[in-house]
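To start, I am sharing the structure in question, which I have written as structure tokens.
Lettered A, B, C, D, E, F, G, H, I, J, K and L in written order, each chain numbered from 1.
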Amino acid sequence: MKRKVLVVHGPNLNMLGRREPDVYGEKTLSEINQVMTEYAHQLDISLTAFQSNHEGEIVEAIQAAEDDYQGIIINLAAYTHTSVAIRDAILTLDLPVIEVHLSNIYKRESFRHHSMVSDVVTGQIVGLGAKGYILALSALAEMIPDAEPS
Amino acid sequence: MKRKVLVVHGPNLNMLGRREPDVYGEKTLSEINQVMTEYAHQLDISLTAFQSNHEGEIVEAIQAAEDDYQGIIINLAAYTHTSVAIRDAILTLDLPVIEVHLSNIYKRESFRHHSMVSDVVTGQIVGLGAKGYILALSALAEMIPDAEPS
Amino acid sequence: MKRKVLVVHGPNLNMLGRREPDVYGEKTLSEINQVMTEYAHQLDISLTAFQSNHEGEIVEAIQAAEDDYQGIIINLAAYTHTSVAIRDAILTLDLPVIEVHLSNIYKRESFRHHSMVSDVVTGQIVGLGAKGYILALSALAEMIPDAEPS
Amino acid sequence: MKRKVLVVHGPNLNMLGRREPDVYGEKTLSEINQVMTEYAHQLDISLTAFQSNHEGEIVEAIQAAEDDYQGIIINLAAYTHTSVAIRDAILTLDLPVIEVHLSNIYKRESFRHHSMVSDVVTGQIVGLGAKGYILALSALAEMIPDAEPS
Amino acid sequence: MKRKVLVVHGPNLNMLGRREPDVYGEKTLSEINQVMTEYAHQLDISLTAFQSNHEGEIVEAIQAAEDDYQGIIINLAAYTHTSVAIRDAILTLDLPVIEVHLSNIYKRESFRHHSMVSDVVTGQIVGLGAKGYILALSALAEMIPDAEPS
Amino acid sequence: MKRKVLVVHGPNLNMLGRREPDVYGEKTLSEINQVMTEYAHQLDISLTAFQSNHEGEIVEAIQAAEDDYQGIIINLAAYTHTSVAIRDAILTLDLPVIEVHLSNIYKRESFRHHSMVSDVVTGQIVGLGAKGYILALSALAEMIPDAEPS
Amino acid sequence: MKRKVLVVHGPNLNMLGRREPDVYGEKTLSEINQVMTEYAHQLDISLTAFQSNHEGEIVEAIQAAEDDYQGIIINLAAYTHTSVAIRDAILTLDLPVIEVHLSNIYKRESFRHHSMVSDVVTGQIVGLGAKGYILALSALAEMIPDAEPS
Amino acid sequence: MKRKVLVVHGPNLNMLGRREPDVYGEKTLSEINQVMTEYAHQLDISLTAFQSNHEGEIVEAIQAAEDDYQGIIINLAAYTHTSVAIRDAILTLDLPVIEVHLSNIYKRESFRHHSMVSDVVTGQIVGLGAKGYILALSALAEMIPDAEPS
Amino acid sequence: MKRKVLVVHGPNLNMLGRREPDVYGEKTLSEINQVMTEYAHQLDISLTAFQSNHEGEIVEAIQAAEDDYQGIIINLAAYTHTSVAIRDAILTLDLPVIEVHLSNIYKRESFRHHSMVSDVVTGQIVGLGAKGYILALSALAEMIPDAEPS
Amino acid sequence: MKRKVLVVHGPNLNMLGRREPDVYGEKTLSEINQVMTEYAHQLDISLTAFQSNHEGEIVEAIQAAEDDYQGIIINLAAYTHTSVAIRDAILTLDLPVIEVHLSNIYKRESFRHHSMVSDVVTGQIVGLGAKGYILALSALAEMIPDAEPS
Amino acid sequence: MKRKVLVVHGPNLNMLGRREPDVYGEKTLSEINQVMTEYAHQLDISLTAFQSNHEGEIVEAIQAAEDDYQGIIINLAAYTHTSVAIRDAILTLDLPVIEVHLSNIYKRESFRHHSMVSDVVTGQIVGLGAKGYILALSALAEMIPDAEPS
Amino acid sequence: MKRKVLVVHGPNLNMLGRREPDVYGEKTLSEINQVMTEYAHQLDISLTAFQSNHEGEIVEAIQAAEDDYQGIIINLAAYTHTSVAIRDAILTLDLPVIEVHLSNIYKRESFRHHSMVSDVVTGQIVGLGAKGYILALSALAEMIPDAEPS
């Protein structure tokens, strides 16, 4: 069976490529997901991408992940800085989780310098644009057990 | 007519008993609700339990409570520390509200030491596990007017 | 075509007029919307009012606004003080936005003195009750391009 | 007898229109006063404008206001952030007072985010330029008793 | 042999019922102790109540408790907020300890929001008046080993 | 019956005149009490002086004061800065209380700048040496009801 | 020659007795000055009272004091909390200065708890109403050299 | 035409040489002005010195400077640490401004370590006594356009 | 006459060796005192050990020390972090005082990192267990005048 | 000509693999450099690795980099949290710089949560062990201009 | 013998003129040293310039200065904000020291607003570019004893 | 084989005895090392003393210690308060380390009250002058394994 990875995109990331391209880049979210899916395919990983603007939906997506996935990539966007609920959902998991930020959050408003989840995830990749997702996938691939023969 | 009490369980409490049992105990949420319902029955109280991972749903459950209930027990979990919206919903009520936390929040991360609602509820019960709900119900029973004969 | 303005009402504002009238006034939300609509009519503006208790829904309403509206009036209520997600949604817009608060937030709890959006909106009107919405509409009307002939 | 409103302009506002037009707009103070006076006339209000760079003079203008005016509009400029004396003068009044700031003070230096008077005035209008004075006058007009027949 | 519980009442609680009844209720300390003793009797628990205005005496009462009691209920009153010595005495124990506050300390002065012992006790019950002692006893009764037959 | 005033001297004040005369003056405590007693005699007031190094004893002296005295003068010395228990004892009283400090506490270590009781006493006299006690007595004499004829 | 004392009254104290009598008492400033003058006469002291709402005028009154007076009583009102300039003027003097506050500033807004001059004056008298001035005069009288025979 | 420089001396500097010579040196203000004038003469600069204890007067002197001067030297003394109004007056100028402090403000009270204008002036010279004014003039002379032939 | 040293042991140190041996070591207080007494004997010093759980008693023991001892060793335990009264008692002495802590207080709760007396004692020895007392005695022996022949 | 990348390893990283393998992994620095070199070879990049325990040497290595390299990978270890000098050296460069941390610094002491360089580098990779260097190289390879044919 | 002055240039100042000319000016360090040497020659002062990127080397240069120099000019650059070691080296000197900063550090990142040495040097010159060194030399020349005849 | 102890002296300690003898005593570093060596000889310990003004050299001396020494005494002087690099070097060791400070750092500037290494060393000895080194050696001698017969 193939290894499976969940990618969680937080609020306003559905606007990627359409607004503030100087901050977040010019790729749309579906373009980013497309590139990730292709790279996942090379790594023999099945990738599911999920986007929501609702904190509660993200909580539930993460709660449901443990049974179906071997690793998670999260870009919580605004909820990075405010959500204890998502932190708690991550705490209930026993999976590797990598936090990605497209922009360098340390060059922005000071409230963006603190992440509510940074100390409960495995690692972070910050400021490297859409490439950050690919790197996260590369790192996850080394952490999760190889697919067993079906 | 019977007195009615609403119990509001916040985000991730649907995972009770399944994850981190060393922190939150081994009972599932439905087991806890079952025990509470039985105890409510002894006190001649009708108990409704509600769980949500969505801040907005909790706001609305509390808004709707005043007409149907004489008291509320809340365990807001992660939203304890971040939700002004739920605080405001409580402020619109004229009912006794008791805040319950299963774990001793003062033994955990410092951001869990502060509750956004502690000064607008009637009282708190902290760190006594599922027993805390029973104690809250016992306290509420003394605060709310006896059921009038139907 | 008529100019269009979106009014976004945040959590618990659906309770206006029914709870805490000493803080928020005695008008219900639909009465306020009615008065605004009439005044908008005088200004030859088409006004849409939206209320939600859900942060994610407000994010999405604001995301969707740019294509359909020339200006926005927001009263984020509790989310004023906590929502980075709504701030980010506003940042993706290129429209004038005016923040309104019914009560004087500086006379209330200290956590209400800080707004997460005050530095990304055009201006604020605070403490002038339902009149504040009318003033905001008056200000917006001067900022947005006149309706072109259809 | 006509209703009377006092407008108090604080330090450096005598330079309006001549310096930093990108921050404060291009209208001079006398042009702003002229527009206000005309609008006051429509509302059947007699308007007096006062500007001073001296904290003590502003204190005394406010002390003297109660006997002669039914409402006050203040733009304390720099003294907004430092003057307890003006706050105390306002506290001795029993009149509605509306605080106006031409620029959005939340987009500027952090020491400008705090007003020493915001919790002792009726309301604030911030960041709407010279239009803010007109809106303040509109709001005041609804708050103060109608002129009695002379 | 019967299970034994020690109740420690801190400074000024000897004044209960005589001063500030709006804050602390109308029951005197001996009335509260009487009610607790009766309830303890129902639970087959032997209860000893101790009050002192002296930090050192409270330290010593707690030091001496381990040999004679199976659980402790404490209301440290003012010493809640200042006493490291009592915290240290609790740390030397291996007994369940429940902290009780009659009033909701979060509605009072900010220095009362922090307890020096909250993270070294088992749990807290706050703001439920004299009923809080009864609930604490109920909780303790479930935590401590049943009395062995004498 | 004569009016009665209690003077409470806090920790280390028994050393007055013997240690650090440059800070606290050269008069011993009994000399100060003697001068106060004489001045009280002129005002037809009966004065009782009490000194203790024990927080609990001071709590109890204040608790007991209401029945026997019409006013209190306190110099809590070190406990000024740390004692919530004494603050609480004062809160249970319904008597005028004047706080005295021999030295100017604002010229000393920063932790001495804050008094735990300053907002629950009637007034303070600071930095005027032993004369401060006399002034406090003078002020109290005007606040407390005249002695009724015996 | 008679000893001379200067009394400096700060901003808004010209309104005493006319506004907020519950905070500052019912006596007007001239009544207070009258009582002080009479008491000064008993002490064979010549008293000059000065009031200003202007920080600069108070600075200059204090600068000029050393040549003409042997002691100063100041109630800086609002400037207590903000004026480094008046602090510096006091620092240039070599005279005893006593700071008086009519109300108990520790029962009011937190910014009133700090005085910019408390560590450069001789002592403070706080919260004892107009009586505070009399006590200050009494204290000063003991500090300044007796009048020499003329 | 000669280049012109304005020197603004803040509150209490009129006392220079007469009070606290160990802090501020023994030269009077007029002696300092005399030395500066002579040095300005060498540089072919016309120098005007202005001293005021009134914040408002300093604001106005700075407002008026742009038309008549090519550079400003300021020693705001106490207003350095408190005046937003003077900062705003400087902000309206388009001239080089050099801030001078006679004493090393970093060796004094901590509130003197912060200047409200340091980030809006060209540079600072601190702790070099009256020589600091001469150095400031020397620096200004290099910054301002040479006098054109009259 | 022999030199004399007082050792003051603070609250809960009477429990040494019986509770939390992993933090404080396995020696009881009397064993520690015994070892110190023997070492003192070698140094020809007479040693008195005193333990109390009462802040007031420790204050009084220190007050009384100057006449009878040439040096003091203190381990104030919990009172290290809270007692201004003991600090003040030390300030009245003119003797060398060495502060000892058995455990390394910097590895424990953050409130234990600050000592209220560290800047008024001669020196500190921290984290070296019971050996710390011996080192303190060795250091004191070099600081205090040799015993004179009796 | 080949593209060139400099890798800068900060203080104590020469101990990698020999000390605290649970925190930093079991690979030695030369093993890590070997793996990076091999991966660089695949990317047709020439990689130079540099380690120093001296802040000044790291400053100079970075100063010298611009002429010889097209990109830099830095793991500043302890200097991450303290070095303004290295930050300034980076600021003088016009090259992409990626910051790597082997361990998740947010799970460690709070002073490690802040990086002095995070806002002046291109991006960060944190908590992914030695793999982080490989990911950084992969990201750099996409940012720097392809090697021109030699 | 000639008077001698040491100039210490801190880290990254060897890059002057080559990087970030908009912040630090276009002159190279050797050009600045050349101009200083010429001006020193006019003042009959022998000037030695020293630059290092190593904190320890700067410490040692300052330690060695007292025997050979009569005054020091320092621009510690990044070490200004972090080095206690250099502060301590300055504290061991008995020479006048003037701190120079080329740029106005108050217009830059907030961590640059604080200097670790500002309260142990004689004075500071900030924001006046390379001219600042010349002014510092001019000030030093007046402070140090004239050269004695050789 | 003899037990071996390393003594590390930090920056500016090479100046001991020559500068600021009132703070650090009159002994030179070589005199202190001589006394320590003699005392070590008595304890059958071989002692090596090392001094450096360079953070990097101290890091390396500590890195190298584990193979050759059984214990370390450090006086990091200025680096006590700033060096994470030295802290990290200590963390890589598995040896007892005792921190010594000659002066009582709590009587000095507030930035000296915090040590970056206090929670990673075994213990501290503060304020006891050169005697502190001897005491540290005495404590170390008890902690490290006896020399084996060679």
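FYI, contacts are C-beta pairs under 8 Å (C-beta built on N, C-alpha and C of every residue); 3 or more make two chains touch, one makes a residue touch a chain.
Only a predicted model underlies this, so the values are computations on that prediction, with no experimental measurement involved.
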| item | value |
| --- | --- |
| Same-residue or different-residue interface between chain F and chain I, half as cut-off | different |
| A-B, F-I or C-D - pair sharing over half of the A-J contact pairs | C-D |
| Cα-superposition angle relating the copies chain J and chain C, to nearest 5° | 120 |
| Chain centre separation in whole Å, for chain J relative to chain B (CA means) | 50 |
| Mean-CA-position distance for chain E and chain C (Å) | 50 |
| Intercentroid distance (Cα basis), chain J paired with chain G, Å | 65 |
| Chain centre separation (chain C, chain F; CA means) in Å | 56 |
| Shared-contact residues (touching 2 or more other chains) in chain J | 54-57, 82 |
| Pairs of chains in contact (touch as defined earlier), listed by label | A-B, A-C, A-J, B-C, B-E, C-D, D-G, D-H, E-F, E-I, F-G, F-I, G-H, H-K, I-L, J-K, J-L, K-L |
| Interface residues, chain J side, partner chain K - complex | 54-57, 59-60, 63, 82-85, 87-89, 91-93 |
| Residue ranges of chain H touching chain G (in the complex, touch as defined) | 10-12, 14-15, 18-20, 52-57, 77-79, 81-82, 111-112 |
| Interface residues, chain D side, partner chain C - complex | 98, 104, 106-107, 115, 118-119, 121-128, 131-132, 135, 138-139, 142 |
